[in-house]
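When the chains are written out, they are named A, B, C and D in that same order, and each has its own residue count from 1.
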Amino acid sequence: MISFASDYIAGAHPRILERLAETNLEMLPGYGSDRYSISAAEKIRAACGCPDAEIFFLTGGTQTNQIVAGAMLNNTEGMISAVTGHVNAHEAGAIEYTGHKVLAVPGRDGKILPETLRSYLETFFADENHEHMVFPGMVYISWPTEYGTLYSKAELKAISELTRAYRIPLYVDGARLGYGLMSPENDVTLKDLAEYADVFYIGGTKVGALAGEALVFTKHNMPPHFLTQVKQHGALNAKGRFIGVQFDTLFTDGLYQEIGRHGIEKAEMLKRIFRERGFRFFLESPTNQQFVILENRQMEALSKEVEFSFWEPYDADHTVVRFATSWSTTDEHLEMLAEILDRILE
Amino acid sequence: MISFASDYIAGAHPRILERLAETNLEMLPGYGSDRYSISAAEKIRAACGCPDAEIFFLTGGTQTNQIVAGAMLNNTEGMISAVTGHVNAHEAGAIEYTGHKVLAVPGRDGKILPETLRSYLETFFADENHEHMVFPGMVYISWPTEYGTLYSKAELKAISELTRAYRIPLYVDGARLGYGLMSPENDVTLKDLAEYADVFYIGGTKVGALAGEALVFTKHNMPPHFLTQVKQHGALNAKGRFIGVQFDTLFTDGLYQEIGRHGIEKAEMLKRIFRERGFRFFLESPTNQQFVILENRQMEALSKEVEFSFWEPYDADHTVVRFATSWSTTDEHLEMLAEILDRILE
Amino acid sequence: MISFASDYIAGAHPRILERLAETNLEMLPGYGSDRYSISAAEKIRAACGCPDAEIFFLTGGTQTNQIVAGAMLNNTEGMISAVTGHVNAHEAGAIEYTGHKVLAVPGRDGKILPETLRSYLETFFADENHEHMVFPGMVYISWPTEYGTLYSKAELKAISELTRAYRIPLYVDGARLGYGLMSPENDVTLKDLAEYADVFYIGGTKVGALAGEALVFTKHNMPPHFLTQVKQHGALNAKGRFIGVQFDTLFTDGLYQEIGRHGIEKAEMLKRIFRERGFRFFLESPTNQQFVILENRQMEALSKEVEFSFWEPYDADHTVVRFATSWSTTDEHLEMLAEILDRILE
Amino acid sequence: MISFASDYIAGAHPRILERLAETNLEMLPGYGSDRYSISAAEKIRAACGCPDAEIFFLTGGTQTNQIVAGAMLNNTEGMISAVTGHVNAHEAGAIEYTGHKVLAVPGRDGKILPETLRSYLETFFADENHEHMVFPGMVYISWPTEYGTLYSKAELKAISELTRAYRIPLYVDGARLGYGLMSPENDVTLKDLAEYADVFYIGGTKVGALAGEALVFTKHNMPPHFLTQVKQHGALNAKGRFIGVQFDTLFTDGLYQEIGRHGIEKAEMLKRIFRERGFRFFLESPTNQQFVILENRQMEALSKEVEFSFWEPYDADHTVVRFATSWSTTDEHLEMLAEILDRILE
């Protein structure tokens, strides 16, 4: 059965597997001190236009978010997130496990509006009782968001100005960063991101790697003894090379962009297929996740022939479902999807 | 430079990389529900002679230990370990991060003697004040230990009888399990281990995988909602296939045993090389880690030509260092080592 | 300056101090095993009509909430609370410090509506991805709420039926329980509470004690080794007698009810004073906390002569402030308040 | 039955109860901002000769130790303690609950020898793998120790010099500080303590208070938002006055010293009673806890008429038991003890 269930249904981009094989027998030191991890970090620094960035490779997104919360928040601080943010909704309490509260604020289409953030911060510090409350200690946004939407450069700038005014870091979850960067509607570069964010991660798992995320500290702000903190979270890989080689490959000859572009092109085709057949979208997503409103009977029929993700009920008769494309989506997959849809709509 | 620094200096066993490539484009569901993870678990159950074992694939050893502690200890309980146990000494406090104390007891050559354990448990419950103390909630042993030594079947049985009498689980850290199983001095089978241990893990990272450990619950005792607990630790891999395929390969056609046997053969050769040249060993290790006592000047000279691990000072003039073999150690590596030693001893 | 800032502005009810003095030189065992703690527990069991209730005395409300969360929630579970619940809003993250998420749901006047709760629970378990989310593991309500309001017997029953259907405990924070029980609008008895709640606490600190809360487990559900868990939280008092004697006194000759009734009578007088002078209330509170809407200029003038608590802004020109009565409020205090108001309104 | 079971068997020193009664009806603000807490802090500063000391009142000793660990240790750090230290042995894992390891080092008679500490620190930082280990982040000593012994001024100085050289705080648990200060063998003043310790607490619970400890930060090193951190631990008392008044009384007219002196005088009498009758002591304690070696049959007979604490087995036929004196011990109690001993020895 073909699947649009997510952007992690296939293995790794073939070039990554090749490099893993080529370097396999080299004897390399552990824990990320190998030459490939070092080279990957160097290439990421260049791509970010941030020569002093400190970079650490981790295995997964929830793990990365958890470590950032645990390492960068003070005891009394929580992490501001949209209600729909991954850290608030779908990480099984990984942030709270570190002892920190997620301070959930209302969002729109997955994004925190700058004015919402401003109001939250102003209200907090104006409250006479705020010493009895969890301090806002970091702002978490995802880019693209869990709904595939993107903050514009102006929005990022506005949020960044707020976090700097309040002296708290802005953290950007870039699990699907590659698809955001290559979106036709995007006006944000990796350099912009490195400028506005104090810390962010470049997603590998959903952008062509077997597993792996590159955490980037842009402001000389990597927490002290960070390797020890990662170890304490059980997240330090003995064979750190295995992520180093992957990111070294992703940032060679533009592979990361190539993957992002491919995913976006297929998403555009997918959108057209649905739109041409009269389907409605839950919201306008310019990236590789598309949220389609299906009649429940359609949904059931469709689910027998193609995989996608249940998202949320829309109304009594309709459901929002998600279709995701990625580096591994092919024209054949999309043609099959179109055929299946036509058959169901007959 | 050749390296005996550890058993994780090379990538993955080539057969693993091949299988990753072969299965790469298959569309598979995430989070360990793919067919390879399912098949790997089935093969491990068969190998353990434990048809009902519950199996979960994780990425690293400290992570696995941390999750076992967090998921299986009650609030008031700690984890008994030898002072030299990995959880006590070299995990940067990963167990304490879960809120649980490591209850360190003296060991011998890395092992907890059954009588030490008995005495600890008896003394604890005899103490009138024990309600003000951390309860022993689990026994952690490593097999092989951090010093390469092995519990015999009789010792495992004795410890297991104690933990059952006190109704606490026995947990075996098998980071280097493969090398223990294939040791000429070993009388323990995987089935024995599955019988005596309540939970244990089969190490992949140090036995030929890129990363990955197979956690085995042998007594219908996987904690409820374990997937959610793993997610909460940031340890749930989206592309679970990547570990599933590796273990499926390791447990096909005896690859896991083959790797173990290879590592042990090379360790025996390495021992001979040192012994023939008059070097002393810190202790008798029957597995792939060998602890050699070097004169400090020798150590310095040697370190310029070959990599090994500093272990601990022996006396003012000598140091204990570790040499490790693995699936990737070759005869050529050993011959080079012998030559270098001869040169230094001249 | 007279103060209505809270119900903890005075020391202890004089009868409590007397009993502390009378019993002061008795040699008693520590940690709550003294005869007064035992007697107090017996009296509370009788008052609750719950002869098997298990009772533990703690020092403060946030501490009690934290220990209940830490001891009764499983690893994957969070605590459902109204957004305005004390555990969510004003405990500086004490619940999250135990590693558990507060699952905040919208409330009305401080209360969770049974239908809101039903919908939350149904939606959670209907979600295909709920294994990636924090499970609802307990329902927290405060009675009276942070806004002075009360759940009716029918509402408690409805919530209790839901929590039982979902097999999660209902926990009632009774920091101000005494004032709720004696409210003219209340139809809930201590016995009802013991029936509907699985665990609740009877507030002492705000109802006449120096410090102290009585935590009541009503369904043979005190967590194992609870004393050890309390010790682990740093909450076990060596001189447990000091809380035991206080609760023994509070539950002798109806003192707890007497204090509640006194506070309520004074609250009714206070309401009348404001109402007669044309002030509006933010909401109708039938207990000892009254939320008055003041014009900002009035508020400023008033604050020079009487203490009260800032609550929240109402609009650009008005603020919600809280006046609290207690066992220590006197007619003289209220007369002075009336005079001051008259002066300000001139 | 008379009791020497501990120094917390009686209530509060009568002068404390009097002051609580005298100040009972004053309307005071909460959370430690009342005038008595402020005055108590001022008096403690003067007594410590440390005009800038920051002081916070807490309820119990384990709570205080836990908050100090949680607030002052960085993520990667643990707390060095003697194996016999209260934080390691008898706090039910309260330190580990904050996520931090207790780094237990061998002691002598309850004390850490400066050379032991020096060696521990040197070895740690010399270890090439120390980034995989828990960093020493604080030194915890108790004064008097759990065995009633005292560090001399020279020992404190030596330890303090080490902690400063390594830039980690020295924390002194003064649960029984008053008895230490008044010991005839003591050469340490409160000023010395304030000089050598970076943070310490002056015990109230065991020195005449109902409950309460005064935590003193001596080097402008109170952690930021400390009130919020205390709240987060559930340790912030609404009626903070109740501890403030107690310490204000303890530090008025030398009551704290008077209580200490009384306890020590009675301990000296108690020692004489045992010594004159040929009993042996487990060790020489110069403070209010005395550790006597009893034949098991004697112990049993004695336990029918007087209360004391079981400490630890001495050999097959003997047991170490503890007798404690305090402010509430009287000559009559001691005479009764002497009579009972004589009767048993007949």
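One rule holds in what follows: contacts are C-beta pairs under 8 Å (C-beta built on N, C-alpha and C of every residue); 3 or more make two chains touch, one makes a residue touch a chain.
Source: prediction; values computed, not measured.
Considering every other chain in turn, the ones in contact with both chain A and chain B prove to be C, D.
Within the contact network of the assembly, the step distance from chain B to chain D comes to 1.
Summarising the inter-chain layout, the chain whose CA centre lies farthest from the centre of chain C is B. Remark: rotation between chain A and chain D after Cα superposition is 180° (nearest 5). Taking each chain's centre as the mean of its C-alpha atoms, chain B lies 50 Å from chain C. Each chain gets a centre from the mean of its Cα atoms; for chain C and chain D, those two points are 33 Å apart.
Chain A and chain C have Cα centroids lying 42 Å from one another. Shown for chain D are the residues that touch two or more other chains, namely 76, 91-93, 97, 99, 131-133, 228-229, 231-232. Residue ranges of chain A in contact with chain B, taken from their complex: 1-3, 5-6, 8-12, 14, 17, 20-21, 23-30, 59-67, 91-94, 97, 205-206, 210-211, 228-229, 231-239, 241-242, 307, 328. Interface residues of chain A facing chain D in the complex, by the touch rule stated above, are 70-71, 74-76, 99, 131-133, 135, 223-225, 227-229, 231-232.
Every residue of chain A that touches chain C in the complex is listed here, in rising order: 76, 78, 89-93, 96-97, 99-102, 104, 128-129, 131-134, 310.
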